[in-house]
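Going in written order, the chains are labelled A, B and C, and every chain counts its residues from 1.
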Amino acid sequence: MKRLTAIFVVLMLAAGTAFAGQTGAMLSKESIVEKIQKQGVLRVGMSTFVPWAMKDKNGELIGFEIDVAKKLAKDMGVKIEFVPTAWSGIIPALLTGKFDVIIGGMGITPERNLKVNFTMPYEFSGMSMVAHKKKADGFSGVEDFNKKEVTIAVRMGTTAEQAARKFMPKAQFKLFENESQALQELNLGRVHAVVSSAPMPAFHALKFPDKLFVPIKENFTKEPIGFALRKGDYDALNFFNNWILINHASGFLKERQTYWFETKEWERLVQ
Amino acid sequence: MVALALVAAAISFFLSRMGSVLAYEWDWSAIPRYFMFRDGETGRLVPNILLKGFFTTIKLSIWATVLAFVLGTLSGIMGARGDGFQRFVSRTYVETVRNVPSLVLLIIFYYFVSSQFLDILGLDEWLRRQSPGVREFTGFILADPGSINAFASAVAALALYEGAYISEIVRGGILGLPRGQWEAAYSIGLSGPKTFRLVILPQAFRQVAFPLAGQFISTIKDSAIVSVISIQELTFQGMELMSATFLTFEVWITVTLLYFALTFPLSRAISLLEKRSAPRE
Amino acid sequence: MHLRRNLIKSVLFIAFLAAVLTLGYQNLEYNWQWYRLKAYFFSGQGMDIVPGLLMQGLAVTLKISGIGLVLSLFLGGVSAVARLSPFPVLRILAWLYVETIRNTPLLIQIFLVYFVISPVLDISAFWSAVWALSLFEGAYASEIIRSGILGIPKGQVEAALGLGLSRPVIYYKVIIPQMLRTTLPMLAGQSVSLIKDSALVSTISIYDLTMQAQKIVSETFLTFEIWFAVALCYLIITASLSFFIRKLEIRMKFIH
């Protein structure tokens, strides 16, 4: 028994003293740009948002973000690794070093910016809405949805949730971990509407024209989307900012944006 | 007969309501593709996300059970035979784990503990430096370099969780043995530790073999919750698939059946073996 | 002497754990803001205290667990009796119920009940959560109760039959009291599981403790503070439940 205790204590001690929390210090000392090049791999945190990032028929990741991240890795001369992460935990995962950068359609907001650094926007997105024909019959403006008896489903922790709460403070909200669950609620007619970033609501309404419709034609917010990275790493921030500048100028971002958000060519890749 | 008629009536009522209320367009034809598909270029069958997720679930459960077994046995022995201090350590561990939801435990473990300890080990960096053969092998039995840290912390968290239950099973097994065993061993001149190793422990393990096997099934099911920390196992892949295709019902039903296919034969086999070995006692 | 050495070792162990935790705590590049936590438990001043979001969530968790406990015991009891009944149809149905539930993950069951079954039968989100949980725990309770009933010697029932008691009376007077005594510890463990498992209903947007925590975390990013607080909440509930049940056990043993 003595030996058992000894083994136990030694294990704990070794684990404790040798490793306890050097990560925090390590994470900030070295710029991730350097680390990425040393290891030859860029680790990108993302989450499924149609058509920003999703799995195609063969189980491969495709989408706007995926194209952006792949090009970024290619320009850095390293391999890419995607780390699919639950959206509600994506910022804690970045802070604790599960990956190097979030390229996941993340809207720049003051609350998030207090915890992470953002690059300049590489894309703008807006919130739009898709509603149930029977439940939201005759609704045509934000004020129609801003009522106590209206229920809206959104994906938890997204800027869609924030926008919905801001524009429709009186409505009730159902929060889900995934967008598909929110849309399922809508299809079942248990909520009046789903708020999500464009162009997904419009696409979804097109898919089920006899059940759903788009009550508000124009997007009701305009949000800058940036890469998110850990605080204190100004080298990386500078590098990513300039990468975005260059790819704005070269037209790469615009071209990809058109493909994913304005055409529906990619749909055959998914279904 | 009445019961049977009632059940039939309930099922048919349910199905008819399902048709009218949901107005759901079933599309089962899309599902097989997500198990396996034929690669257009090479013409070979390639496993797709559902099958990959299925294997990840199996790998995860096996590793977690192995680790949990070591941890649980250690803690169980300490709880049953240790001095006051060892019993205290064992109880602290078991009671903490058993009284906190696995979801909460997992989240704390993933963000707090694993980023403190696991990341520093640099498993992923070490793996990336290995030859492709080694990488493929570890990818097969563990996970790819990109997800090895998450995989390791999921295994560790699951093992920590299941270990507490195994600890209780082992402790019960040791304490459940009649005192006469000790006395008999003592009378033939065996020392305390020797008695424990040669007489008590083998018997205790035989006693607890079936509950332990049952715990393995629990691990398979509990592994579903690691989807929240983004391990790409069956449940996670199912959710991803739903997000991309919106085939909600088809995907959920398929995933349920896959879990069932994994655990049901196992639990049947265990209970059959248990029955068969019972009369010999 | 032994006692004191154990005490010293235990204290050292705790001190060591605390040291590792504090080291980790300080070294993590994380801006700890414990002071923001209070508002999520209680707000308001003086006499009129308003429960915060976490407290509201706690109330929902307790409500779901409470109803779930009663329902699951009921389902477990009924299916256990059905499995031991002389009617094969009932036996098969109960067996099917127990085996399907015990061989699939709860998370999947909750989704299935909420997204597939509840729209058809028109059940609200709250009640789908309660039903999914009760069905799940009921299957485990069923096995416990069945083993308890089977554990009662046959002679007891035969003796009761010989006395001319009817079946329901035998169940009520002979079987249930004895079964309760042997199965209470296991049923108690199951009720602790029920409370813990109720955390999973957060996935279908029930505002329970875990859901409120997730929501607060996603808004404020107070990740660690909130999760530690929530873990403590669960620990307090389940530990006090265990304590209460142990007291009950001791009392029951005294009476008999």
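Points worth noting:
Heads up, the rule we're going with is that contacts are C-beta pairs under 8 Å (C-beta built on N, C-alpha and C of every residue); 3 or more make two chains touch, one makes a residue touch a chain.
This one's a predicted model, so the numbers in the text were calculated from it and none came from an experiment.
Using the contact threshold fixed earlier, the set of chains in contact with both subunit A and subunit B is C.
Note on interfaces A-C and B-C: more C-beta pairs are in contact across B-C.
In this assembly, the chain whose C-alpha centre lies farthest from subunit B is A.
Inter-chain centre distance (subunit A to subunit B, centres taken as mean C-alpha positions): 30 Å.
With centres taken as mean Cα positions, subunit C sits 34 Å from subunit A. Centroids of subunit B and subunit C (each the mean of its C-alpha atoms) stand 20 Å apart.
The set of subunit C residues that touch two or more partner chains comprises 24, 27-28, 115, 119, 223.
Shared interface positions of subunit B, i.e. residues touching 2 or more other chains, are given as 22, 83, 85, 89, 107, 111-112, 115-116, 227, 248.
Counting only residues that touch two or more partner chains, subunit A has 15, 20-23, 89, 92, 96, 177, 181, 184, 188. If you check the complex, the residues on subunit C that touch subunit A are 16, 19-20, 23-31, 115, 119, 125, 203-205, 211, 214-215, 217-221, 223.
For subunit A in complex with subunit C, the residues that touch the partner chain are 12-13, 15-16, 20-25, 27-28, 88-89, 91-92, 95-96, 111-112, 114-115, 153, 156-157, 161, 174-177, 181, 184, 188, 190, 230-231. Those residues of subunit B lying in contact with subunit A across their complex are 22-23, 30, 33-34, 37, 46, 48-49, 52, 74, 77-78, 81-83, 85-86, 89, 107, 111-112, 115-117, 119-121, 125, 128, 145-147, 149-150, 193, 227-230, 232, 236, 239-246, 248.
Touching subunit B in their complex are the following residues of subunit C: 2-3, 5-7, 9-10, 13, 24, 27-28, 87, 89-90, 93, 99-100, 102-109, 111-112, 115-117, 119-122, 192, 196-197, 199-200, 202, 210, 223-224, 227-228, 230-231, 234-235, 238-239, 242.
Across the complex, subunit B is touched by residues 1, 4-5, 8, 15, 19-23, 26, 39-41, 43, 48, 50, 54-59, 81-86, 89, 92-93, 96-98, 177-181, 183-184, 188, 207, 211, 270-271 of subunit A.
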